[in-house]
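Both of the next two complexes hold chain A, though its partner changes from chain B to chain C.
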Partner chain A sequence: MNRKRIVALLAPPAAAAIAFGLFHASPKVALLWLLGLALGFGLHRSRFCVAAAFRDAILFGDTGLTRAVLLALALSSASFAIIQQKALVSGAPLPGNLYPISAATVAGALLFGAGLVPAGGCACSTLLRLGEGHALYLWVLAGIVAGSLAGAYHFPWWESLAGRMAPVHLPAVIGWPATLAGEMVLFGGLAFLAVWWERRGANEL
Partner chain B sequence: MTTHTLDLLGEVCPVPLLRTKAAVTALPAGQALAVETDFARAVRNITQWCSRQELPYELTEIRDGVWQIVIQK
Partner chain C sequence: MPPLRLPREWPYWAGGITIALVNTVLMLADGKPWGITSMLTNASARVAELVGMRPSTWGYFQSPHREQALSDFGWLDGSLWLNLGIVGGVLVSGLLSREFHIRKAPRPWRKVALAVGGGLLMGYGARLAHGCNAGILLGAIPSHSLQGWVFALVTFLGVLLGVRFFRRVL
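Up next is the complex of A and B:
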């Protein structure tokens, strides 16, 4: 029996034993552990990569991951709407990080893109490749940690750059049904565009 | 039949598919190209591209985490 098969056989009982141990300390932590494992498994099996969702669509006309990201955004927008609405009804403060779009958003997006292209992936694909045993990604992880530390240290400056414009919470302006419908039309429209782009045959030899 | 090799070990996306496309384009008909990569996403990228181009290919994991895709043209 090769090493890989032995690890594959030992991993599920080991994960279950850890979950059992955690459950005694805190059921919530045990649940998070299992959720993390499931997420990691799904990410790895699907080779999910947000960088590829953009890059492969533009370079190769392959929009499979683009549509996967759109689906993830649609699902998380809908479920976050439920979380926010429940909080508002019970009188709790609005959950989520609401910031106005500013020059800081553009600068941050460019910095993120400039790091992600040579690394060949973003944060989640770095973690899944590390789990896969891709040692090169230890360096990428070191870069992510260093960048996050520098960003956290610098955060007040970026916040001041965002200016005094108040963030807009769309449901407060146009209501929940219109917001959700608008989001679904947007994501659906983009998915439709992605299919059109792929059929157009941008990947000819 | 001649088989050419393309060593892409250590290359990250999108380099593997870009170089595979260029190598397949330069390949004379009736010959084969053996691509080796250690980047899992590139394996899916390259095999999907082959399917769309209707190029027959054979995929094997030759070592742990190293894949070989032999593409026929």
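Up next is the complex of A and C:
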């Protein structure tokens, strides 16, 4: 029995032991650790990468991941809608990620998108590559951490550059039926566009 | 012989379903979906405090929510353990399928410079945009937030720009 095999068989019990340890300190943190394990396991087994959903579509006309991201978006849009509507009815604060739009959003997304090309992946691919043992991604992580601090320092300047639009929750503006119908049409339309783009790319090559 | 027989590869769509499931449980349990870079910002601000900087006085941290998140940040931060769990889950998957190998960072410093430079751009950009592909693309769009769509569109343009600009050096 070689050493690698022993380490491999010890990994799941070790992960469970960490969950037990965390449970004593905070059951919620233990749950988040377990959810992280599930997410990491699933993303690694499926070779998932959001950065590649953009990059490989552009570079190679390869849109398998693009369509998988659209599937994730369609499913979670539906489940989040139920969770958000329940919160709205009960008067609880609206769950989810709702942020304002400003020049900071546009500049930030542009720099973020450009940066994931030389880095070879976005923040989530960095976590995946680290788990796979790629030491190079420690450098990417260090860059993200340092860049985050600089971004936080400059944030007020970027946000004051042009107008700032308060967070827009689409159902509050156009209602749930139009929001969900519009989103599903967009996800489906983009998936069709991805298939068309892939076929067109294959013809060219 | 692998220690455990795992399906060699799951299709991409299985990864998409995993994300949707985990994000739904996170919304129910935590009120917010998966994110990475907000936690990294808090971590880097705490490290900056150690070397004498005062990030808690910066405009960015003046909102009550962000001020709270920064002062609460510590070893039991939920987002920290969620993301450590992701690394752990990949490690478990890699070890069981015998795909895990320590791969040293390559010698050519050009590669290291690209890694650090790309990381800096991503960290800086993600902070301006309130998050990365995880928090905004996969988190804000399903939250039915208009900002998520703006982020997705401009990120696409950014990748297009990055491909054009960095194609020759990669």
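Assume the second predicted complex is superposed on the first by the 180 of 205 C-alpha atoms of A that agree within 3 Å, B and C clash if a C-alpha of one lies under 4 Å from a C-alpha of the other, contacts with A are read in each partner's own complex, and residues count from 1 in each chain.
Throughout what follows, a residue touches a chain if its C-beta (ideal position, glycine included) is under 8 Å from a C-beta of that chain, and two chains touch if they have at least 3 such contacts.
Just so it is clear, the model here is predicted, and its values are computed rather than measured.
Undergrad: Pick one for A:Lys4: touches chain B only (first), chain C only (second), both, or neither.
TA: In the superposition, A:Lys4 contacts both chain B and chain C.
Undergrad: So in the superposed three-chain picture, is A:Val89 touching just chain B, just chain C, both, or none of them (first/second/both/neither)?
TA: Neither: A:Val89 stays clear of chain B and chain C.
Undergrad: Touching A:Ala166, do we find chain B (first), chain C (second), both, or neither?
TA: Touch partners of A:Ala166: none, neither chain B nor chain C.
Undergrad: Tell me which partner A:Arg67 touches in the superposition: chain B (first), chain C (second), both or neither.
TA: Only chain C is touched by A:Arg67; chain B is not.
Undergrad: Given the superposition on chain A, which partner contacts more residues in chain A: chain B or chain C?
TA: Looking at chain A, the partner in contact with more of its residues is C.
Undergrad: Please indicate which partner A:Asp56 is in contact with in the superposed arrangement: first for chain B, second for chain C, both, or neither.
TA: In the superposed model, A:Asp56 contacts chain B only, not chain C.
Undergrad: By the touch definition at the top of the document, which applies to A:Gly147: first (chain B), second (chain C), both, or neither?
TA: A:Gly147 sits against chain C, while chain B stays out of touch.
Undergrad: Once chain A of both complexes is superposed, is A:Ala114 in touch with chain B (first), chain C (second), both, or neither?
TA: After superposing on A, A:Ala114 lies in contact with chain C but is clear of chain B.
Undergrad: State which residues of chain A lie in both footprints, the one left by chain B and the one left by chain C.
TA: 4, 47, 51, 55, 59, 64, 118-120, 132-134, 136
Undergrad: Quick check: in the complex, which residue numbers of chain A touch chain C?
TA: My answer: residues 4-5, 7-9, 11-12, 15, 18, 22, 25-26, 28-29, 31-48, 50-51, 54-55, 58-59, 64-65, 67-73, 75-77, 79-81, 83-84, 93, 95-101, 104-120, 122-124, 126-128, 130-156, 158, 165, 167-171, 179, 183.
Undergrad: Would you mind writing out the residues of chain C in touch with chain A in their complex?
TA: Residue positions touching the partner: 3-4, 6-7, 9-20, 22-37, 40-41, 43-45, 47-48, 55, 58-61, 76-79, 81-96, 98-106, 111-112, 114-148, 150-163, 165-166, 169-170.
Undergrad: Residues of chain B touching chain A in their complex?
TA: Touching chain A from chain B are residues 10, 12-14, 17-18, 21, 24-25, 38-41, 44-45, 48-49, 52-53, 64-65.
Undergrad: Residues of chain A touching chain B in their complex?
TA: 3-4, 47, 49, 51-52, 55-56, 59-60, 62, 64, 118-121, 125, 129, 132-134, 136, 203, 205
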